[in-house]
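Two complexes, one shared chain (chain A), two partners (chain B, chain C).
== the complex of A and B ==
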């Protein structure tokens, strides 16, 4: 049994903290009828729930990638255990076939040969200029290289059948779950789902899960034999890079809002509730921050952070740690530059709320200001906060790609959509075109952002009192 | 009105001082000039003399905020803050790492930036407003539904994709216009066509959806019902009444970005090799040229504040009910 040492990166801690916070908020919501009703409306939104299913799949990948460890190195018994420098995650372990089967350089999706010609030594001292055979891609086929389409098709078909079976089991489970509920109509759970008689949009969720299984199961089955998305310049599997990018995107999208939220909520409410000089000071601060164009402020801050990191190499014991802290610093910088919008919204809403009768009644009863804020104002601002949270996510994921391109994003060694695009974009100039890295990164990002946008719309429709 | 504008301009001064203090803190307090020198000269094997020389060449060898060694007014003026930050108020930005005068560089690069940003802005506004108007006119139909779906899909696509895809398709595969570059004078149109087109397309998704909601909000108002009750045909109601009133929030909303057009776009300019302010900024970021980045931050915030003042003025122009005392 190989030993290992658990590594808890800062971003792991924050992301698990978010999970705990999410569960906490869930419990709180279950106890608050208006919030519960709003979330029920989200649950009934079919597009929103389909999007949420996709988002959950992405989050699952991100969470698997947030459990890090270091493998114990082989040593003599009795010696103090030493651990590998490389920090791995559970996702790395699960995707070991993808991670370890590296080729020499580019190869197209489902290719059996390398992208570039090389000089191959033939037995007998002769040499030949040809496309060398891939070490791993389609190696099980041996000499039958022309059988790729048939072989891949058959494998995909088998995996698809398996996916359908799995889906049928899941659907049956869902039907049984619906059946157990209050039986108002005389119908089986299955019928209720497809007649859309359930309060929760089961049909949308099941359809999405079915589609995802149909795509994902064959994809990963084939990924064991081929490079389904091709390989990049150093021969790394592109599918593996896409999987690793998910966590980076999620952290940028989620941790940033976590960072800015307390500041925006506190300052917004304080400015709106107490007014006077506090309002002036807070308004001054956010006008100053706001008046610097976002990208430039981020650029300036990231440049400075880079200097700090480069001049203090002793702070970081592994490269992963350095990349991780840089990612977190980027989240902080994005958070500090983006809280002003939410803060202004909350200030305006608080200004309105504090003039309402029930607040004035509470003031007349001598309830302390902080108690009024916590008990009476904060709950009535929750919808703005929730809407802002989900609306910001997709923008931040997109921003990461742009910032990484500009050179002020994540650490170049960290796999993200931005670094993938950045390193692949020059390859469009080659002949023949190396398109697969870019295509994979853009597609994955599109699916993630689209799901986030659709989910955000569903949440906004459910929470915004002006809509409906 | 004039008094109001003057007051707003005066109000801008403390904000600009705040911006200046913030950038100063970012650039000189978080990292001492010594750190920056080490960064520029290479972290390893750098002698203290080399650092001192680097600092002296750039005037970073002075005290940061207060020079206690000097006499009179120069306790404040003979400092890094005054020399490097306060002088930006009079348009003196100092020199870049390559020794060129930043102010002159900025002046010469504004033209190309504007040549791309202005057509993109005007054309984009026209296209998105027309599209949103069409969607709102056919509201609650299949056309509207699929239009919104298209908008959501378009706003979920990374801006990088539009640029990379557009360059690849139009310039490389179809060979219609050059991939990148810039020319002075009339000849520039060949280089401007693609970036402007891509700029317009990448903005369609989010703006159209936003303008559509503004139009729909306007359609639900009482005066529209009155107009219909009078028996006006829907097209007249829409194009004479709704359009004009909905344009007020749309146009006043975009005024704030007009001054910022001078700054150009970081992404577009660097992808298309346009010698504007956007690519200047990106080059400075990549070369870690702090003086240039600092100047761009300052100019950006000045232009933003000008935009805010213009927005307020535009309110009074389009809506006679608003008066500023």
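== the complex of A and C ==
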């Protein structure tokens, strides 16, 4: 057993803090009946719950990718232990086959040969220009290169059967859970689920899980033998890149909202409640900020940050730490430039709330302004905050892709949807075209953002006081 | 002409169907006004929407037939139905402010109907529009036609709405609470207009209202609705002389009136059953004073008591109005007259109008312009006036929620104007406010207990939690709510219960003066009676003084010791309730009193109709503010504001004519 050293990156810390905060908020919600009722409405929304299931899968990948460590290098006993420069995550360890089985360059999905012709030395001293055989993709087939379809189909079928079995086990578990709950109607848990008699949208969750298992299990099974999404320019497996991109997207989406939220909420309420010169100052700030082209502002800030990072190499012991700092810097910059929308929304809502009679009643009692804000205004704005949070998430994931494409996003060594698309840009221009890198990044990001948007819709429906 | 038979409609909620209107039948003939009377939530508006087939998305018509001169409306294709709406049946709505499109001129909105249903366009259409506007009494129609809704006042907008409804020359007009959002003087104008138009054109009219006074003035026949059913149908004479159904009788008995001064009002216990839990028996059984065992088993059938009078009730007891066994209650005027507890002298609240880049003040809105009041402990002063006269601003300025521009507010000897910080907070203990809308005045995210305790914690009255809990429980008991209410949220309570919570919150700091800003105007008659009874009881028990801000004269007559009438930021007449209401001296007070629709047959002798509406307080007329609308105005009225003249020791009036 090799020794290892746990590496705690700043972004890891923030993301686990968020998980803890999420659990804390969950406990708080469970104690507040109106919030609980609203989340129950989310739980009853079929589309929303299906989206939440997909989102949870993405979050699980991201969390696995947020446990970092460095492997101990073989050294002579007695010497001070030294560790590898490369920082790995639990996801890297699980997906080791994907990470390590690199080819020389491009290869198409399920290919057994490279995508470019090379000169091959034949035993007789002759040379031949041909597509060379891949080192790993389909290597178990040996000479039977034309049997790919049959082999992959059979494997996929076997994996699919296994997935169905796993799903049946899960569904039985869910049915047992429903059965144990309060039984108003005399029916088995299984019947209740499919007759939609449960308060929670179990049928949608189970269907989504079933679909996901049917796709994911065969995919990973096959990924052990083939490059299912192909390989990129340096021969790295595209599926592995997609998995690694998930964490980057999640961090950009979550940490940025964390940065912008306190600012937007505080300034928005203060402007709306106190009005007068405070309102003027805050409005001027966000109007000015809004009128500077966003990309320009972000580019300037990111480039300055890059200069700082480059001139202080002694701060970082590994490349991962350097990339991580740049990622966080990007989050902060995005956060500082994107609070204005929510702030404006909250200011308007506060303006409306402060004229309501219960606020005036509190004023008539001489309740202090901050107490009014905390007790009366903030709780009545929470639905807007929650809706904005969930909706901003998808926007930020897309923003990262655009910024990385322009070259002012995350560190070029960090894998993200944006860097994948950026590197795929040139590949689209060559003939024959290399499409799989872009397609994989596009599909994964599309699913993530679509799930986030559908979930946001469900949350908005449940929290919008006018709809309830 | 219109024949509604066994109409049933409901709202889909999940897989269930909530029946809102359950098998109602009535007919309306040409030139007749049929009034649907009932409290909120009993299905009046749903019936009208059902007839027009304009139910919201969840609404379904499950049964019955609606025939307009023989044509079955419910089976008509939607395209044909569009020919019926506007051309044969027109509708006017409650809120004139939202029923006109703000970005289209009035002419375009009338023209749309003319184009659709009469095929008129261009010059003929314009002529017709001018004619319509003249018909509904809008002066200078040539200019008004090209104006936008925001340039019209509330009453004018309702007139335009009526003009639009008339444009298609309908046979039937459905008026859904057409005057509820309007002031009494304007309400009188609109009701007169509707009655006159109906006479001229021989239209049928379905009038939906909750106001017995409006019914008495307008209706030929009346149908009383309760919980989705018609319970009594009678002609106007029968209805007002011999109401039969216990619910109708209770509605009459719940009205505050001068004859009931000093007595508790009859209230209807309980609430309308919810749509989800309608009893299969008589729906009124649980709240009925004459309930019999049979009422709880069988739903009563229609039975006739006179030629034009039918009802659904098992009880056939005497027609005598509910016996006056109601206990006499505390009379405010039994309290000895003392030195005024609250003394307001020449209070002014001006709001600057700012314009331009530099936000320079270009004018002042004189919301309150020199108001003097005095309230003694344990008495009730009613501040009466139409909307926009500044009466709510007076209430807020007294509490220092709005900073007065000038004047003095002395509370128990200490001057409140200009008081700051801690001392103001301490002074606020003596004075609290109950607001108009019980739905907006309670924070939906706090428990009732927390809401009531807020004032105590803020003013540092009860610091430890246990004592606070006890105090909250005592307050809840005082306002007639169960103890366990403290742990629940406001949305679990009905409007009347919420108003009780608001009163409990105000009482929590033991104030000597309660400013009630239209506390019952958002409530139904039966609930209003409960709240008025509660306020009286509290005054008797605690000796609280009330400043009662209202536009409802019935409530004033019932409750007030003193009355002050406000017009455009100033008090025009002030005195004891008897003096002001029996022998009003100011022409405005006289007009207001005569415009109030009275729920009796014999009312309406020589009503004084005021032309126009209250002018803007940013730009009050020169001289006496009232002279442009005053039927008795003379030259001196146009030149200077009248001095205060004393009619008696307590009765003062500001009018040149009352000397």
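The rule we apply is simple: the second predicted complex is superposed on the first by the 466 of 468 C-alpha atoms of A that agree within 3 Å, B and C clash if a C-alpha of one lies under 4 Å from a C-alpha of the other, contacts with A are read in each partner's own complex, and residues count from 1 in each chain.
Keep in mind that, in the parts below, a contact is a pair of C-beta atoms (placed from the backbone, for glycine too) under 8 Å apart; a residue touches a chain by one contact, two chains touch by 3 or more.
Keep in mind the model is a prediction, meaning the values are calculated, not measured.
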Tell me which partner A:178 touches in the superposition: chain B (first), chain C (second), both or neither. neither
Give the label of whichever partner, chain B or chain C, reaches more residues of chain A. B
Which partner chains sit in contact with A:375 here, chain B, chain C, both or neither? Use first/second/both/neither. second
Once the shared chain is lined up, is A:366 touching chain B (first), chain C (second), both, or neither of them? second
Answer with first, second, both or neither: which of chain B and chain C does A:438 touch in the superposed model? first
Quick one: is A:296 in contact with chain B, with chain C, with both, or with neither? Answer first, second, both or neither. first
Examine A:357 and indicate which partner it touches, taking first as chain B and second as chain C; both and neither are also allowed. second
List the residues on chain B that touch chain A in their complex, please. 14-15, 18-19, 22-23, 26-27, 30-31, 35-36, 38-39, 43, 152-153, 155-161, 164, 167-168, 172, 260, 263, 266-267, 270, 281-282, 285-286, 288, 290, 293-294, 296-297, 300-301, 304-305, 308
Which residues of chain A touch chain B once you look at their complex with the stated criterion? 284-285, 287-293, 295-297, 299-301, 303-304, 306-308, 310-311, 313, 394, 398, 401-402, 405-408, 417, 421, 425, 428-429, 433, 438, 442, 445-446, 449-450, 452-454, 457
Quick check on the complex: what are the chain C residues that touch chain A? 396, 399, 401, 424-425, 428, 432-433, 435-437, 440-446, 451, 454-455, 458-459, 489, 502, 505-506, 509
Sites on chain A touched by chain C in the complex: 33-34, 356-358, 360-368, 371, 375-376, 379-380
